[in-house]
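Note that the chains take the letters A, B, C and D in the order they are written out, and that residue 1 is the start of every chain.
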Amino acid sequence: MDLYEYQGKELFRRHGIPVSDGRLATTPDEARSAAQELGGQVVVKAQVLTGGRGKAGGVKLADGPDEADARAREILGLDIRGHVVRKLWIERASDIAKEYYLSVTFDRGAKKPLLMLTKEGGVEIEQVAAESPDALARLHVDPLAGFHPFAARRLIYAAGIDDPDEQRQILPIVTRLYECFTGSDAMLCEINPLIVTPEGEVRALDAKVTVDDNALFEHPDIAEMQDLDAVPPEERAAREKGVTYVKLDGEVGILGNGAGLVMSTLDVVALAGGRPANFCDLGGGGQAQGVVDALEVITADPQVRSILFNIFGGITRGDEVARGILQALGQMSISHPIVVRLDGTNAEEGRRILAEAAPANLHVEPTMLEAARRAVELAA
Amino acid sequence: MDLYEYQGKELFRRHGIPVSDGRLATTPDEARSAAQELGGQVVVKAQVLTGGRGKAGGVKLADGPDEADARAREILGLDIRGHVVRKLWIERASDIAKEYYLSVTFDRGAKKPLLMLTKEGGVEIEQVAAESPDALARLHVDPLAGFHPFAARRLIYAAGIDDPDEQRQILPIVTRLYECFTGSDAMLCEINPLIVTPEGEVRALDAKVTVDDNALFEHPDIAEMQDLDAVPPEERAAREKGVTYVKLDGEVGILGNGAGLVMSTLDVVALAGGRPANFCDLGGGGQAQGVVDALEVITADPQVRSILFNIFGGITRGDEVARGILQALGQMSISHPIVVRLDGTNAEEGRRILAEAAPANLHVEPTMLEAARRAVELAA
Amino acid sequence: MAIVVDNDTRLVVQGLTGREGRFHGLRNRGHGTQVVAGVTPGKGGQDVEGVPVFDTVADAVAEMGANTTMVFVPARFATDAIYEAVDAGIGTVICIAEGLPAHEMLGVYNYIRTLGITMLGPNCPGALSPGKANVGIIPAEIFREGGVGLVSRSGTLTYQIGHELTQLGLGNSTIVGIGGDPVVGSSFVDVLRRFEGDDETELVVMVGEIGGDEEEKAARFIEAEMTKPVLAYIAGFTAPPGKTMGHAGAIISGSSGTAQGKKEALEACGVQVGTTPTEVAQLVAERMGARSR
Amino acid sequence: MAIVVDNDTRLVVQGLTGREGRFHGLRNRGHGTQVVAGVTPGKGGQDVEGVPVFDTVADAVAEMGANTTMVFVPARFATDAIYEAVDAGIGTVICIAEGLPAHEMLGVYNYIRTLGITMLGPNCPGALSPGKANVGIIPAEIFREGGVGLVSRSGTLTYQIGHELTQLGLGNSTIVGIGGDPVVGSSFVDVLRRFEGDDETELVVMVGEIGGDEEEKAARFIEAEMTKPVLAYIAGFTAPPGKTMGHAGAIISGSSGTAQGKKEALEACGVQVGTTPTEVAQLVAERMGARSR
């Protein structure tokens, strides 16, 4: 789960990481009152779960309430990389002398948290890593040893931050960001930029936090930050039905059992010259209700022209799946051509059941490859 | 640092371990008001940092304020194993159906925390361990893995607690006691007895908590619980001067540099037929002020008849120690015979310096054994 | 021989009295696995079709000599179950449960490494050594004994490939599902190393997917240390960046973790990568034919 | 050979710029130890009489090849210093600092064990291999080279016994102070095992004291696994229960940890226990005489 900047900053604040004072606004009026309360110059920042908002015109300075109102009118409703701006963060403006970068990420490869700090902040960290890797200090924390203050010191020295006053301020920020990371079950806690003001004060000017979905049950306060409106509507519908669904851009609707098999099916469809319309995993079962739910989600996509069912019966028995499909087709009316490939446990029996019922739009194919070719033909 | 029952219970309460409601009292009047506030039958419990207070008459039931006042008069001022009762804990009385025992200790040998639980509570745990070891469930917690709920389950099953309602209540108590143990840097957190009331409610009826002195700086709230009045006065004086001193029961005052060497000196004095009056470690130094401080503490003990100085010069140089001793003797008047043994770095020079000054009551001996024999003779 | 599970496996099922645990535990027993115990706190003393149930794993170890556990408890209790098993002396942990908090698994992973414990999962189908033992949810019926070691991050995709092998007359030494979560107990490298040392395994098929860099590490390991032939398949060429494809671990972050990148890394280390499950099976058949000649 | 410290020791002193760290660090260098670096955060780039100072141990390792650290920082920073050293790849940690919180040391102890790191202390005088290297505060002047390994929980008591040996014409392979705190990095058994494997050591003297059960464990180890003769001395026969005798670890709890109990345990395992430091030295001299004949 990705948090908005304002939510990430709220977490930072709770962990004692210095951030600028600000207010949330969803209307120009609220932006005006926020600017009023904060006083002086403010920044009006689009809250979207994607990068590049600055270039897209989603971050603007405003001198006082009137300008804040005007800037809010400009930014609300903007489409930034497919995300429509519905919320603004109105923040007291900061003077910036230096822009650093600090983050803690969950390093899957090393299976350890990774701290990163560089004086070259304000740009994408991948760019720093590629262009000036020596400027980027990296340090893993061994979960068995836990975090100890030396890690912050080592990071600061390795990044070449040699102003003692900055060192003194950044030291606790590293420690607290790590506490925020573990205490929130985060996969990422990123401050970019971590600014130094002309007066020498260090502060987090942005916040990017991703929290492990599987750990949300331990953090009800974070879970309730979730903004369902930000999820694409078709994925939201799938989630409500308990179906794993990812929208893609093609014409062949795909569903199967097991994430790996479905991914492989997408690839095979592409090899056959088609374009997958989605990823849809039924999970272990092939019961009628699951099939109905998945078909409803898939057929709601107007781009879908044919549907490919790829089932490998393991624990799930092929005959049961066949009955599930027939029952589902009985419950809803679908005009799309449907190609079914059934294999594994009791597959022959399953294919026999489908052949006997033989709905007009149902095509049974013996192998995954042949099924994919057929589905692509039917979508043409 | 040992905590009083009432302090331990305060820690327990903070960690969510159920304890009875109670009040602290230092006078019969306070005991009376406490009983008034609590209502009903109360227990008047002597607060002393030693065991066996029950047998010594330090725990009594009282039916209402008048009786509480009377019982407080009986108990205040009692001498329990050398500890004078100056504080009382007035607690709402509990009906007891069963007495269990639960503790977390710092197991030095295994270098892991040790959980212990038995249904045979209310007696000394050493007795249970000796007489019915099978009734005592023991489980180590690996600090690298941390505490996980299975440990509490396993302990409860191993102790043979099979009432589901008791299991349900004891499970969180084990977890919380462990949290109290690590969160307070404790060396021991013991609940004896952990009672089950006739209504089936589980509660801590006593609390024995020892906190690591070296970690008190991290727990100012616990550090301020320290009751300096409970420390023997001569040890308190030594502590204030920064001298490591333990009072013993003999006539030969002993001081030296290094804990091991001093312990060994005590033993050698005993082998020579004498009785050590104290353990006193000057630490690394042999500077005049340290020697003066130590001699003041030792000579304050009226039992002392002779003093044995055992110094092995390592980093500390023998000549410096000799000058320190002479300077100290110049600063204070001591009539006790003093035997000095100096060895190691620059010992010859040191012995020469002492021989030249030759105070009347100063006897220099070449070896530890000879010095011990001489000090014992002089104490006779 | 075979790896991970075999005739010496003495299995305890944590969660045997639950619906899934019971179904799969008994199914595993039906395929010859020595299922010696179940564990469900509070149900000690009961039995599930003759399999004794204990309150704790320690009891299952003490009384039945269990040496392997299958964890079939809900995700929020799974970490505790794993620590319990390890503390009780279990040497092989197979965690079918999925969706464990990633930070918890980080702790488990780093801890059990210090103890030399073998772990598969979370979110894995288990391990099957045909004719010897089956621990998990892999359908044993579609596999037969043979010389192909199979290791995969995915369940049904593994069955698919195993099935294609079976149809070509080939069998497996062991099928190992390492799991689809972001942090799992064993990497491809861990399993490849064991296949390399296994008498029965002649050739290994590695089935990867998008996300992480385990396939890239495996490629380097294969080049540097494996003498047995390894063939690979990667799923997810058409997956878009930033989207989780069913498995929590199957996500392309930025430009890292793509199927194309993994394929290129493997090929650069001399590992042939099949385009479809069918092609992989055919490549295996060719190699095995060549080996037996 | 010798153990723990020798000619290959490349020492970094954590806290070299402090009063004590400087004094002992330079003193160690004076006795032939390769003192290659100091570490004090914020003082990187300075030097202490020619010894370069770095901000981090990682820098000292990278630039000077340090492999051993002496920790001379205040107790409340010592745990952090130890983790820093270990994380930087230091293999031998000698912690002179005393009074570390016991729970912190519990974490350190269990962690460094998994990494195979050697640690002495906290609250130890260090290790001295006469003629090779001296790390810590043991006065090298009073010792000479020879075949007696010496291991002790105490500082000055060790000097006393070493001095008595020297006066009888005997020398030491290595003198090891394991430390007087309740939890220390190495046990008697750890050090005895290394002496057993050390060519230069012919006989070992173990100097114990009240508290804990390390002497009892050592007794069983000596009986079961040592071929070299071991003699022992125990301090604290006159210590009362429940009182800390200077060392945080020197406390008799209930009836456990007494000197008499330790003496009996050692004698039951065939280890001769001297009554006084002088007697121990004489017993050693007799044994060494017997050995050389």
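Just so we're on the same page, contacts are C-beta pairs under 8 Å (C-beta built on N, C-alpha and C of every residue); 3 or more make two chains touch, one makes a residue touch a chain.
Keep in mind it's a predicted model, so treat the numbers as computed, not measured.
Chemist: Setting subunit A aside and leaving every other chain in place, which groups of chains remain linked through touching?
Modeler: When subunit A drops out of the picture, the chain contacts still join everything into one piece.
Chemist: Sort the other chains by how far their Cα centres are from that of subunit D and give me the top one.
Modeler: With centres defined by C-alpha atoms, farthest from subunit D sits A.
Chemist: Mind checking the centre-to-centre distance between subunit A and subunit D? Centres are C-alpha means, answer in whole Å.
Modeler: The computed centroid separation for subunit A versus subunit D comes out at 54 Å.
Chemist: In angstrom, rounded to a whole number, how far apart do the mean CA points of subunit B and subunit D lie?
Modeler: 28
Chemist: Give me the residues of subunit A that touch two or more other chains.
Modeler: Touching at least two other chains: 142, 144.
Chemist: Hey, what residues on subunit D touch two or more of the other chains?
Modeler: If we look for residues of subunit D contacting two or more partner chains, we find 107, 111, 114.
Chemist: Looking at which chains touch which, would you call it a line, ring, star, complete or other?
Modeler: ring
Chemist: With touch defined as at the top, which chains are paired up in contact here?
Modeler: Pairs of chains that touch one another: A-C, A-D, B-C, B-D.
Chemist: Show me the residue ranges of subunit A that touch subunit C in the complex, using the header's touch definition.
Modeler: 106, 108-109, 111-113, 126, 142-144, 182, 185, 187, 212-215, 217-218, 244, 246, 248, 256-264, 266-271, 276, 279, 281, 284, 312-315, 343-345, 367-369
Chemist: So in the complex, which bits of subunit C are touching subunit B?
Modeler: Residues of subunit C touching subunit B: 41-42, 44, 55-59, 79-81, 83-84, 86-87, 107, 111, 114.
Chemist: List the residues on subunit C that touch subunit A in their complex, please.
Modeler: 24, 75-76, 99-104, 106-107, 109-111, 114, 137-139, 141-142, 152-160, 163, 180, 182-183, 207, 209-214, 217, 233, 235-240, 243-250, 254-255, 259, 275-278
Chemist: Tell me, which parts of subunit A touch subunit D in their complex?
Modeler: 142, 144-146, 148-151, 153-154, 157-158, 164, 167
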